[in-house]
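Okay, here's the structure, questions in a sec.
Labels A, B, C and D are assigned to the chains in the order they are written; within every chain, residues are numbered from 1.
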Amino acid sequence: MSILVDERTRVVVQGITGREGAFHTKQMLEYGTVVAAGVTPGKGGREVEGVPVFNTIKQAVEEEGVNVSCIFVPPPFAADAIIDSASAGLEVIVCITEGIPVLDMVKVASLLKNEKSVLIGPNCPGIISPGKTKVGIMPGPIHKPGPMAVISRSGTLTYEVVYQLTGTGLGQSTCIGIGGDPLIGTTFIDHLKRFKEDPETEGVVLIGEIGGTAEEEAADYIREEFNKPVIAFIAGQTAPPGRRMGHAGAIISGGQGKAEDKINALQAAGIRVALNLGTLGETVQKVMEKS
Amino acid sequence: MKLHEYQAKDIFGKSGIPVPNGQVVTAVDQATRATQIISGPPWVVKAQVHAGGRGKGGGVKVVHYPYEVVTATESLLGKHLVTPQTGPEGVTVNQVLIEEGIEINREYYLSMIVDRSTACPTMIFSQAGGMEIEEVAARSSELILKEHIDPAVGWMMHNARNLLYSQEPPPPVGALSALMSVMANVYKIFMTLDCTLVEINPLVLTKDRKVFALDAKVDIDDNALFRQKELLLLDDPREKDPLELMAEKYHLNYIRLDGNIGAMVNGAGLAMATMDVIKMAGAEPANFLDVGGGASEDMITKGVEIILKDRRVKAILINIFGGILRCDVLARGVVAAAKKTSIRVPLIVRLEGTNVKEGREILRNSDLKFLVARDLGEAADLVSKQVS
Amino acid sequence: MSILVDERTRVVVQGITGREGAFHTKQMLEYGTVVAAGVTPGKGGREVEGVPVFNTIKQAVEEEGVNVSCIFVPPPFAADAIIDSASAGLEVIVCITEGIPVLDMVKVASLLKNEKSVLIGPNCPGIISPGKTKVGIMPGPIHKPGPMAVISRSGTLTYEVVYQLTGTGLGQSTCIGIGGDPLIGTTFIDHLKRFKEDPETEGVVLIGEIGGTAEEEAADYIREEFNKPVIAFIAGQTAPPGRRMGHAGAIISGGQGKAEDKINALQAAGIRVALNLGTLGETVQKVMEKS
Amino acid sequence: MKLHEYQAKDIFGKSGIPVPNGQVVTAVDQATRATQIISGPPWVVKAQVHAGGRGKGGGVKVVHYPYEVVTATESLLGKHLVTPQTGPEGVTVNQVLIEEGIEINREYYLSMIVDRSTACPTMIFSQAGGMEIEEVAARSSELILKEHIDPAVGWMMHNARNLLYSQEPPPPVGALSALMSVMANVYKIFMTLDCTLVEINPLVLTKDRKVFALDAKVDIDDNALFRQKELLLLDDPREKDPLELMAEKYHLNYIRLDGNIGAMVNGAGLAMATMDVIKMAGAEPANFLDVGGGASEDMITKGVEIILKDRRVKAILINIFGGILRCDVLARGVVAAAKKTSIRVPLIVRLEGTNVKEGREILRNSDLKFLVARDLGEAADLVSKQVS
């Protein structure tokens, strides 16, 4: 009833001794996540919230059998942290860090082609399988277990959507923030494929925004291969071209990445696109009731 | 971070990409001297502004007499230039580039970006140079060629050959190696300076098979400026909106727009969606403002102040989904702002999430006049009422 | 009755206008190889031995449907030529060039991880499926079609072996020179796997030499997975440590790469190792008769 | 191409890897001056030869008085140094490096190579520094740690941390960043100078947590010298065998060995196999000689001459499998050599392949005395007869 992370997940927090790392380690532990280790180079041997700190990912793997990492290290060191985790063979790498240089991500992407690790993010809220584990910074209590999957390029917008879903009684199997950067580890399609195989997921809410063509590609995939109801929302209909709207990846450039084109592509693929965020929860409820 | 044309050409010149001789002037009396140093006629006088579409806005003048260089410079310096990419108020021209005119035989388009879907640095080349590349893409996309560069191997000569020999007709033999060298240098600049864009449009061939970058656009990855410290010196804050510049100082993500409803939101996606809600309610957003997850009370105060500095704003919608940013912090920030600046317009507040009760309590107990929206739907209705 | 190259093979010769490229184009054509195109940048439009010359591999693929390349370009440009062919999607890339810088091959190897092309060489004689096609520089007439596969790190030594095989009446399915450099595109194991699946190949002659551990790894693979007779020969039993014996890859260093260790590993895996090159052909014949 | 220790340390110093102060001298009278510039006692006087195992051969002396620096220099300069890696005749010492002595607290081993099986630049690190790394590998391989570097991403800090924090105990905190910097610089040198080996053994830590490269080995990829032209200046041909040097000039692949049967073969693999045939016949190969696929008549002549210059050679085995190298070219070259130099030893010739008939004909019609072997088996028999 979830993908990628669940009760089996043993998290290592990279940058655990930093302010954000420590805060969210506490939050994750409170949610019930097994945070088995932390890593901060040079601070091995300490503890944060009762979690042992190691100098390297390698040691955290050897000593604590961690299989998922959650990265809070500052942008100049984040690519190193991702590659470190990938080289150590972690299954899932969640990178919260915002502001990683694009050319660092070019390197990361090149390396990940040859590794089995799944990278969520960077510049994302993380991933949560409600009731099981939360790897990231989303507020836990707004979630509840259930049949809806959520895939989103955004953070708080996702919380808003989840809040509405939970409000209408629709719980979630897994919610993933794939990240707001132009180069991210996974696409909508990567996760749609996983949700397709997840028997407990009954429908998907896809939250896109301006910039790039990921939503258009997802629309093609859904039309051709996806067999569960999808409800989409696209943020940025009023965003002007050429400006980065907060997210590094949210920019209309060279005539590409407009909300309008995305909405058209999704609708042409037969996907219900909610235009009004205020009533998105109700819209999802209606679609799911029909199906 | 955008560079000016003359700054980009300076980088080009140092890297071995041929550019026309030129000189940047900031005062009219420097123009005469420039004509004595730079060979001509003709000369080209170009306004140095970050906004694109300069040519259409009258920011580029080709002249044939030294006195015309002076009058052209005079007509541009200190003036407001309105281009398709500026607002109707335009941008002030603070610098002018005076260049030797180059006799053009063929015009190419050359640029480098990071392609989002392949995650590779990608060179784009077209024989349809000198036009808006978006228009070329829309009209005859077959004229636009791309080479994806694998970061493990870097730029290789076959990348250049694939682009050049696919032209019909291919560039003349005498110009091939010069073009290949320009391409290799564009890649090098892109990678070593952490660029998000290097663009030469047009890249021209003269009759005697010389190659020149007639225009130059270089954008630097803001996230990489920590390791590109010397490029920081090239930043020209005069090109930015004063309110955006102020927001930057307080680490607020603010973009000024043309509407009349101000918005303050946490999170970029939610901020965009809130702008859309405003639009659907029949109004126009006056700004994008993402205060971020870690906003402090003070940042909230500054955010309200900046929104209000835009005199067009008729109402403000605050939409906060408390996560890491707690609703009580937001409320305190808004109340503090009200104490500093009189909030002269209606305030619509929608709070949800962490510490929402405390937040609402703080607002209620303040002198502040504000309208509460229980959800986004209601917020839209309230916005709608303000503009009707 | 062959692997990788056969009647379907359409060769493009990279560096066709050079002395060696032109000479071996003629030789290949005489053998019956379909040399469909040549590439020398800047010399597109010419012909060499009746073969049309193009400026880029891309054009050769588009115009002539080539699927295998044979590279004769000088060492400083050879890595570029390999990567060009791989990016153009060629199935097999045979690189004859000797003397490519090791760090160039590091790049090539990294890129090839993500491409489907099979690289034979560099610093190799090429690949021949006798009676069908020859992509390389080996003397054609010493070969004859038959059941023996040959995989070798060497050039003339392979000719010697093939000559002896043909002399004893044993023809060959496919003979591959994998190359004498320390970094080469394919290993013994890569081809053993292919020969395992090739119904017409009845036995394999494996010709190794000092340097590296490719023979030891092949021995492990053969013991565990290979089901046809293998006869091995290892050159360099009298080679001193620390010296490169002609081939860049033929060097005993750090105590590794000795002929003795290779022979021991092969014998321990139950593989017949011929110690006397003079009678290798007879040895193969005996082993094949028994099996 | 091997560099001398002092050359390698010069590169290290310029790249930011700390090395002891030192000076290379080529004459005894420079030694006194060196002691005045270089702080001591103690001083270390080191013979500069390419051959390894110097220490065991008496090529490194630690001394405590200035006059000892002079006597140690005197005892090395111009002398033949015999080490486990030279022949019994040793190598001549032409240069001596005089260095300040460093007080050693801990010794590490650090090197970088290209790993053949992963095709990746690989750093090797061990806390068992100052010993032969092969011995450490054989005795306690768990002490040897490796980091493979993906060329797409290059050296990253976690690579260094994986090596350093795996030590038991890890290096002291004060030395960590210095060690990480050495590692990053070794990688940089390796990649930018096209090295096949960079080795520091030992890399030492002093009591006050300073880091020094006490020894330095840098080998350059011969195949990359075309783009490392400035390194060519560092080549020291005096370190090479004179016959090998001569062969190099004629593009012949010749390696001198200790035996008495010369061999001339086309192709490296066949040349090695032919040496093995000689050995199995009860003799010892005097050399490896691959004349290559494209050998000319002149190159063959030079090859024969070079083999014969080795006075230990009692017979020559020529084994040619004609492919690109035609047998007639070979034969003409051998005949020409016989005209120039008297061939004083028996010549065993085995020819096969392209133009074999013409080749045999040419030999038969010459004044040359030679023995024909129809195949390798017969060649072995003939060799056997020569030594029995």
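In this section, contacts are C-beta pairs under 8 Å (C-beta built on N, C-alpha and C of every residue); 3 or more make two chains touch, one makes a residue touch a chain.
Just so you know, these numbers come straight off a predicted model, no measurement behind them.
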item: A-D or A-B, whichever has more C-beta pairs in contact; value: A-B
item: Chain whose Cα centroid lies at the greatest distance from that of subunit B; value: D
item: Inter-centroid spacing, subunit D versus subunit A (mean Cα positions, whole Å); value: 54
item: Whole-Å gap separating subunit A and subunit B, where each centre is the average of the chain's CA atoms; value: 28
item: Centroid spacing, where centroids are CA-atom means, of subunit A and subunit C in whole angstrom; value: 47
item: Between subunit D and subunit B, distance of the C-alpha-averaged centres to the nearest whole Å; value: 57
item: Touching two or more other chains - residue numbers and ranges from subunit A; value: 107, 110, 114
item: Interface hub residues of subunit D, defined as touching at least two other chains; value: 150-152
item: Contact graph of the chains (line, ring, star, complete, other); value: complete
item: Subunit D to subunit A touching residues, read off their complex; value: 150, 152-154, 156-158, 161-162, 165-166, 170, 173, 176
item: Subunit A to subunit D touching residues, read off their complex; value: 41-42, 44, 55-59, 77, 79-81, 83-84, 87, 107-108, 110-111, 114
item: For the subunit B and subunit A complex, residues of the former touching the latter; value: 52, 85, 114, 116-117, 119-121, 133-134, 137-138, 150-152, 191, 194, 196, 221, 223-224, 226-227, 253, 255, 257, 265-280, 284-285, 288, 290, 293, 321-324, 352-354, 375-380
item: Interface residues, subunit A side, partner subunit C - complex; value: 113-114
item: Residues of subunit B touching subunit D in the complex; value: 150-152
